[in-house]
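The chains carry the letters A, B, C and D, assigned in the order they are written, with residues numbered from 1 in each.
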C-alpha cells in the first residue's frame, strides 16, 4: 500500500519490473520475455531443418542476433538491478540465462564448428524460465504432490520394471540370439522396454515361435503393469478428496471406522483409547 | 398442451417438422436427415477408394446428385420456415449446411479439378448435425463436465508434455543426428511424441546405444505419464458419482448428506421433506 | 435332499451326468469335456501350422477323429437324455455343438476342398462351452455389470472416437494423399484408429511435415482419450465397492441400503439397530 | 536387548554379519553384496556386446574371476556359519547362489562351448537376492496385496483376453490367410496379442480392407480392455484408503474432519450439531 510514486532510484524500478509481476510494467516484461523465449526456441528448431535453413539463412541469422542482444540486455539488467549479483549469477536460473545468451557470441569465435549445434540447443534451457513464470502452478503443485506422495510406490514399480527388463532381456537374448536381431543383452533389454511399454517400434521383433510366445506373455504383462502407475496416481488423487480412517474398534458401541487421530468415538461420544 | 390441429400456416408446420422433435413428423424428419447424412458420408468415403470409384462411378454420381438435391431442399426449407433467415444462414450450422450442399454444384463449373476432392470432404462436416441430434447428450455432458472441471490440470499436463517433447526432441537430435534419421529438431520432436504416447510407428527409431538408452527412459516416462490424464479424469468422475447423496438439509438436525430418495433423516429420524 | 439312490432310469442318470455338476460323475464329465475342447482347439491350431501338419499329418488326423467321435457321442447323449430334444438342438449351444462336430465328417465328402479350413475353425466355437462351465462367473458378472452400468457412456465414447476417426481420416487423406500411402479415406481412417489407439503398426505413417504435426496432435488426443474408458470403468468399479452403505436390513420397512453409521432408517425413520 | 559384545564364537559373529542387518557390519555386508551383484549383472551384459567383448576381453575376464571368487567365499561362509547347512543349500536362495557361482568354473572345463552363454546368464538370478534385501518391502507388499486381492478378477480378465485371442486369431487367419503374412493360427494369435495390447510392432499387419476393418475393431476393443486391469487395481487401491468425511466444524474443539453422519466429535466427544 505504501508503493507510491516517489522519486526512487532507477535501479529499484528496474528490479521491480524484472523481478516482480505486480505492476503493469512487470507483467508486460514477463509477457515479452516469454514471447522472446518462445521465438528463440522456434528459431533453434527451424535452424535444424536443413531445407529451411538453406532458404532463409539470413533471416534466421538476423533474428538470432536480435534475440541474443535482447537476452544480453536482460542478463545485464538483472545483474545491475539486484542487490547481490553474485547470488543471481551462480543461481540455477542465472547459469541458464548465461548459457542461453552466449552461443551466438561463441559462433563468432569458432566459425563453422559443428559443436555449435549442441551449443545453440542450450538456448532451449530457457524454457524453464517459462515454467517459473507460469500462473498455473496451483494445479501443477497438486500433480507434483500426488507424484511425491507416491514416490516410494513409484520407486518399487520402477525397480520391478527394471528387474523384469533384465530378466526378459536375457531370456530373449538366449532364445532369439544375434541371428534374429537380438545382438546383445542390453539391446534385448531395449527390446523388452519397447515391448513392455507397448511402444512397439518393430525395429526388433521375435522371429522364432518360442520367442513370439514369450513376447506375447511380455505384452500381456506390460498391459497389466500399465495399470499400476495409473492405480497409484489415481488413488493418490482420489485420496485427496477422501480422508484416512483407522480401524479402531470402539469398546462402547462397536463402531470400527474412525478418522485417523480421532480421540472420541463419532457414534457414541465415548473415549476411544486409554493409552 | 394447447398445440391442437388448427389451421396454421404451412410455414409454421414446416418449422415444427424441421426444428422440433416432439411431433411424429419432426422425429421422422430427424431420422431421415441422420440417414441421409450417414449415406452422404459413406459416399464421400467410397468415392475416395479408386478401385471402387472406377467400377461404380455412375452409381456414385447419381447417388450424390440425389443426396445433394435432398440437402438443397432441406436448406431452402430451413430458410423459408424460420422467422429470421439471416440468423440461420450465418449461424455455425447454417454455414456447414451450405458448405455441405454446394460441392456437387461447383463440380459442374470446375470440371475435373483435383481441388474438388477437398471440397467434397466438406460434406463430412454435416456429421456435426448428428451430434446435435443425438439423444445421448446426458451422458456426453457428464463426460464433457469431467473434462471441463479438470481443464487446468489438463492444460498443465499438456504443457509438461510439450516441454518434455521440446527437450527430448533436442537431446535425441544431438545424440542421433541426421545420419540416423533424426534429420531436424521438429522431426525429433515428432519422434518424441510418437514414443511418449507409446504409438511407436517405427518410421524413426534410435540406432546408437546411447540413443536407445535415452529412448528407454522416454518410454518409461511415457508409461508413467499416461497415468496422469487417467488419474485426472477418473478422480473427477469418481467424485461426481460417489455422491449418491442429495444435498437436502435436515430441518431438525442440520445433517446435509442423505442417500438419494431418502425420506427420513438418517441422523435424527425426522421426516426430510413435506411435499 | 430327496435325491437318494433309487432305481431311476438310465436316461435320468445320463441327464444328471451331462447337465448337472453336483454329483462326482457330473463334475468328472465337465472336466473331461473341457479337456477335450481344449485338445480340439489346440489340434485346429497345430493343423494350421504348415510345417507341423506336414510332419505329423497322421497323428493330427487320428487325434481329430478321436475328438470328433467323442463329440458325436456327447451330442447324441445330450439329445437322448433331455426331455425336449428339439429345444436343445435349436438352442445356441445345441447349434454350436453340431457345427463343432460335423467338419470332420464333411471332410470325407468334400475331399481336398480348401473351404474346409474355415469349417474346421468352427470347432473353436466350442470354446464358449468352457465359458458356460466356468466357476469364476461371480467375478465376471461383476466385470460385466460394471460394463453394462456404463454402456451409455461407452456408447457416447465410441461415437466420439468414430467421429474423430472420420474427421481425422479425411483430413489426413487431404494432407498426405495417395502418394504418401493414404490411398483412400477408409484407409486413412484405418490409420487414424491405429494411431488413436496407440497401436502404431507403422504400415502407414505421415511423410509431410504438416501431416506429422497433425499426427502428433492425434497421438496426444489418443493419449488423453484412453483416460476416458479407464475413468468410466474405474469409477463404476469403485462405486460398487465404496458402497459407503452397510447392508443392514430395516426391520420395519425392509430397506437394505443405509449409509454407514446410520442410526435411523432413511426410508421409514425407525431405529435401525437395538444393540 | 541382551546382544552385548561378549566373546562369542566367530561363527556366530559371521552368522550375524551375513544373515542379519541390525549391526553396522551386517549392513555393510548387505551393501557390498548388492554392489557385487549389480557389478556381476553389468559384466554379463557387457560381455554379450560383441564389440565391447572384443576390445576389453581381458578386463572382463579378470573382473569376472574377482566376482566369482567373492561369491565363492560368500557361499562357503554361508554354509559354515549356519547351523543347518543342508537347509540353506537346498533352499531357493541356496540353489541360486550356487548356480550363480559355478559358471566361471565350468568355463575352465568346457572351453569355447557356446552353451556357456546361457550358463553365464544364470548369474543374473542373483538379482532376486537384491529383491530380498530391499528395504522398500512395505510399499511392494501393498502393491502385491492389491494384486492378490483382485486375483480372481485378473484371472477372469486373462481368460477373456485368451478367448478373444483365440477367436480373433482364427478369424484373421481365415480373412487374411498365409499370402498376407498370417501363416498359421498361432501366428495370427501372436498378431492378435500384439494388436490388443496396443504394442503394434508392424511385423504382421492386415492387408485386405476387410482385415483392416476387423483389425480396427480389435484395436478399439484393446483400447477399452486396457481399462479393465486399471479399473481393478485402482479400485482395489482406492478401497484401502477411502472413507468419506464431511467438513463439519466442532464448536468445542475446532476439529473439522468427521466421518459422514458422525453425531459426536471424534476429538473431544462433545455433540457435533445442535441446530
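Keep in mind that, in the parts below, a contact is a pair of C-beta atoms (placed from the backbone, for glycine too) under 8 Å apart; a residue touches a chain by one contact, two chains touch by 3 or more.
Just so it is clear, the structure is predicted and the values come from calculations on it, not from any experiment.
Colleague: Out of curiosity, which chains are bumping into both chain A and chain B?
Modeller: Intersection of chain A and chain B contact lists gives C, D.
Colleague: Taking each chain's centre as the mean of its CA atoms, which one is farthest from the centre of chain B?
Modeller: D
Colleague: Look at both sides of the chain B and chain D contact and report whether the same residue positions are involved, with over half shared, or different ones.
Modeller: Shared-number fraction below one half, so different.
Colleague: Taking each chain's centre as the mean of its CA atoms, how far is chain C from chain D in angstrom?
Modeller: 30
Colleague: Suppose each chain is reduced to the average of its Cα coordinates; what separation in Å results between chain A and chain C?
Modeller: That pair's centroid distance is 41 Å.
Colleague: For chain C, what residues touch not just one other chain but two or more?
Modeller: Each of 186-187, 189, 198-202, 226, 230, 232, 234, 236, 238, 242, 244, 259-263 in chain C touches at least two other chains.
Colleague: Using the touch rule from the top, collect the residues of chain B that touch chain D in their complex.
Modeller: Of all residues in chain B, those touching chain D are 198-202, 230, 234, 238, 242, 253-257, 266-267.
Colleague: If we count contacts the way the header does, which residues on chain B are in touch with chain A in the complex?
Modeller: 152-153, 155-157, 159-160, 163, 166-167, 170, 173-174, 178, 183-187, 189, 195, 198-202, 205, 209, 212-213, 215-216, 219-220, 222-224, 226-228, 230-232, 234-235, 238-239
Colleague: Given the complex with chain C, which residues does chain B contribute to the contact?
Modeller: Against chain C, the touching part of chain B is residues 41, 44-46, 48-50, 117-118, 121, 124, 127, 131, 134, 136, 138-140, 142-143, 146, 154, 158, 161, 186-187, 189-190, 193-194, 196-203, 226, 229-230, 232-234, 236-238, 240-242, 244-245, 257-259, 262-271.
Colleague: How about chain D: which of its residues touch chain B in the complex?
Modeller: Chain D residues touching chain B: 198-202, 230, 234, 238, 244, 246, 260-261, 263, 273, 275.
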